[in-house]
Amino acid sequence: MQTGFIGLGRMGSGMATNLIKAGHEVAVFNRTPSKAAALTAIGAKTARTIAEACRGPAVITMLANDEAVEDVVFGKGGVLASLGKGAIHVSSSTISVALSDRLATAHAASGQRFIAAPGFGRPDAAAARKLFVAAAGEVKAIGEIMPLLDAMGQRVFLLSEKPSIANLVKLSGNFLLGSVIESLGEAIALVSKAGVDRRQYVDFLTSTLFDVPAYKIYGSLIANDSAGPVGFAASLGLKDIKLALAAGEELRVPLPLASLLRDRFLSLFASGGESLDWSAIGKLSMRDSGQS
Amino acid sequence: MQTGFIGLGRMGSGMATNLIKAGHEVAVFNRTPSKAAALTAIGAKTARTIAEACRGPAVITMLANDEAVEDVVFGKGGVLASLGKGAIHVSSSTISVALSDRLATAHAASGQRFIAAPGFGRPDAAAARKLFVAAAGEVKAIGEIMPLLDAMGQRVFLLSEKPSIANLVKLSGNFLLGSVIESLGEAIALVSKAGVDRRQYVDFLTSTLFDVPAYKIYGSLIANDSAGPVGFAASLGLKDIKLALAAGEELRVPLPLASLLRDRFLSLFASGGESLDWSAIGKLSMRDSGQS
Amino acid sequence: MQTGFIGLGRMGSGMATNLIKAGHEVAVFNRTPSKAAALTAIGAKTARTIAEACRGPAVITMLANDEAVEDVVFGKGGVLASLGKGAIHVSSSTISVALSDRLATAHAASGQRFIAAPGFGRPDAAAARKLFVAAAGEVKAIGEIMPLLDAMGQRVFLLSEKPSIANLVKLSGNFLLGSVIESLGEAIALVSKAGVDRRQYVDFLTSTLFDVPAYKIYGSLIANDSAGPVGFAASLGLKDIKLALAAGEELRVPLPLASLLRDRFLSLFASGGESLDWSAIGKLSMRDSGQS
Amino acid sequence: MQTGFIGLGRMGSGMATNLIKAGHEVAVFNRTPSKAAALTAIGAKTARTIAEACRGPAVITMLANDEAVEDVVFGKGGVLASLGKGAIHVSSSTISVALSDRLATAHAASGQRFIAAPGFGRPDAAAARKLFVAAAGEVKAIGEIMPLLDAMGQRVFLLSEKPSIANLVKLSGNFLLGSVIESLGEAIALVSKAGVDRRQYVDFLTSTLFDVPAYKIYGSLIANDSAGPVGFAASLGLKDIKLALAAGEELRVPLPLASLLRDRFLSLFASGGESLDWSAIGKLSMRDSGQS
């Protein structure tokens, strides 16, 4: 199937690679063109403009935040202006519920279709085609692009006919992961100060109650003395917690644990940790208990 | 192997049953003698006093809280007074770090040995021999009672030579489970108010990021409209969170998420929920967002 | 002195009245013209457009939120387009730090001057000329409009040459008042459940440690069974706490107590309390402790 | 009037001094006898034992915590054993509601009377006879000791016939003061990071909305770079917040702001701040925002 792909960051590169490997004809576009090289080497076409990425029946966007999506979609020569009638915009970015609603309305007004399909997983999962893809939007449209979604993840879920529900569920998922980080951070600080080896403790937890990647990955990152590789930057973590809080605000749902996470991020940023992996907020309990 | 077993509540009954099934010679004691009937029916001996349960090389206690353990151990005719020299008291109850330290000291002073070996899992896991047993204390003593520990759980972990470390780790585990409940409660309230079916949401989460019993059990309990069966009473949940906070206080470790859980329990109790399953605190986010 | 006055809500009406009483020549403008009647009756001129309110050396705006100020200032025929060279826009609204910075830049670019001068106090204080006015901006400009500021409050403070500092201080003040409400709410719920009469308790507190209007007003409102008069709507309270949190976010300052207040407001709104006086969040502790 | 006085710490010394100045016949007792010297110099009698301090119609205790009061009252040769029939024990210490209830019961069983009469104020207020005294217990007994209470404070309040109500109100008062500290700490951190002078900000606040000693004292202590004099040690601050939380737990009243304060104290203690003035928790917001 023919598709455009816009946004070749840590996640997008892996997703686009899997599309190409699955035999799809992919036209890639990135603001920083150099990132496209690795993909053209394995068969991608290079789109020099957004419009060139929008010539087929579908275009996938995988961008960092609301602002980037707004630029790419609503900007001059953007997706909205370039996509054909009936063509489908598949948004995999983690964006606000409000923007997702706005995109759905705008595409409908332009005779285009809009699907939200964020993936759950870190960059290595994206590269290994291990993402869980949560899709929402018109069922028929999802059916048409299913070959693309299938190529990007290990399993596709249909959540709702309303696209923004997929975005809300994605935000709730990142909130749950942030909660895992916070709870592990507190638990590790507690037992560590009593003399328990942090890594053995995480091994114990993840061999018993929490034998699941989220606890293994974040437990290990928190237990290690040194900062680990950045799978998901803290600046993006705060962005997502803020979007979850904003969704809660709109819906009148207090989220005290999300508020705690927000304050943790600000405390991390105040000491210069914006570009660390977001699991760094889990280390603040060590600092607050005088262990650092 | 010969052993006494004191405390035949929801957890203790299953554990003692598995000891008998594994061929051990078990003398059971319970304050309310009627609870022993099911066990004597499958081969347990009935101890009419604590002393009668303490005549062998080991006695296991599985009681509700610090007060019950203090009564049974330090009371007149209790474990401390009854156990032979060199015999081993295996405490599986979830008790405070401070009491565990006190038990270790008292047993040593009486020429006895003390092992803390709490199990991780709910009553059905205890019945199915699916507990994870976290043991701490003298390595040689743990070796001697290993056949007992093996019979009660699916796997035994040696955490430390200091018994109370096992209790601290157990408390940290219950804190982590409480955090799972709180985070699920907030996430479910958020998506539910946007129109997502609560049970389908939990299915999605536990098919993807959180494919692990803790999230399945508590997600399901929170998502259901009606109160579920009581695997672990809220009153015990608050007890454990308080013990975790007390351990943190002793060690100078702030635990803001544990503080949030404590307040949740009090709010639940204020509306009469002490005897519900502790997952009921996860439903408070529904109430606070006007959904109940 | 000649001045325009835009925004005749609860606060603005009192402030404009005092300007007229002090002998200033005031041209009042309000979206809903009927609100101007009481003021024209005592000598105000009616401005039919924003432009008509901007013909003198100064115009004061006292509006509900950022959106209203943006409309009035940046909209077609707005303050920015209407005010003369060198004239002064005095913004008394409680707005975001970001918008205040933007207003300062825009007015400077138009050859106009901008002063932020929010007042501290509720509508009755505004009516009684009891406001404390916190002014920030160019010292010379503040000097020129001092007769206006003097007429509106009991005392004027010069905080900074940077206008948005006055807005930040105003937001911090409302955060402190919100904290008073929350702390009183918890304290009252605590002693009330032990049988202490709530009103007597507030009398005791405000005769001793807290003999100051904020504690008297909010203590009394919280202690009363019925909802009191609306001096400051909860919807505005949340707006200000959000602006304080946004300022903290920009500056990397975690504000856990402000986060707690935010969640309180959402819980209040979920049960329909948007239009109550903001002290209603102080009654949530009664509800959470099963008293209400 | 003749009275004993037990406990000559920072608060007790000032209170006993004022009793003597008012002409009362005071027999002082302190564990560390040297502290009595200043008082005997102005006319106090030295009691060599607790019993010697209990020979008159009343004895006042002003001790650091529950443990000290339990020792002094229930210990061998303690107040309970020494006080005559009908004599009155006036407890001014900040103790738990539970201990106060226990004291009331024990004294009644011994034919003695018990009044709780904690004072509100810091050591300088105690020395200057500026305390507010909150008394609770049998009205007739309070009447008999009124000359003593009058001599120790600027005003006496009768709160309840149940002594422990005075202790609960005292704990609630310290919770409110702790909340003042936390809210000021956050507000100061916020404006300080925007460039506002911390002391000028406190001056502004306490000249306007918060013209009351609590805000002046704590605002000034927080705004200053150096640690100030210790009027009330952080270790005592945590003790009182814990007692407030314990009272809330008993009554089923969640106190999220008190939980936040508790965590602040633990964080302070983890970095060695136990013996600082309790206002030091207000400086943690500076640290958490990278300002230290």
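For reference, chains read A, B, C and D in written order, and residue numbers begin at 1 within each chain.
Everything below uses one rule, namely that a residue touches a chain if its C-beta (ideal position, glycine included) is under 8 Å from a C-beta of that chain, and two chains touch if they have at least 3 such contacts.
Just so it is clear, the model here is predicted, and its values are computed rather than measured.
Among the remaining chains, those touching subunit A and also subunit C are B, D. Using the mean of the Cα atoms as each chain's centre, the chain most removed from subunit B is C. More C-beta pairs in contact connect the chains of A-B than those of the other pair, out of B-C and A-B.
Per-chain CA centroids place subunit B at a distance of 53 Å from subunit C.
Between the CA-based centres of subunit B and subunit D the separation comes to 39 Å, rounded to the whole angstrom. Rounded to a whole number, the gap between the C-alpha centres of subunit A and subunit B is 37 angstrom. Shared contact sites, meaning residues of subunit A that touch two or more other chains, fall at 248, 252-256, 260, 266-267, 270, 288-290. Residues 256, 266-267, 270-272, 288-291 of subunit A touch subunit D in their complex. Contact residues of subunit D toward subunit B in the complex are 242, 248-249, 252-256, 259-260, 262-264, 266-267, 269-270. Chain contact summary for the complex, subunit C toward subunit D: residues 97, 120, 132, 134, 155, 157, 159-160, 162, 165, 168-169, 172-173, 175-177, 179-180, 182-184, 186-187, 189-191, 193-196, 200-201, 204-205, 207-214, 244, 247-248, 251-258, 260, 285, 288-290.
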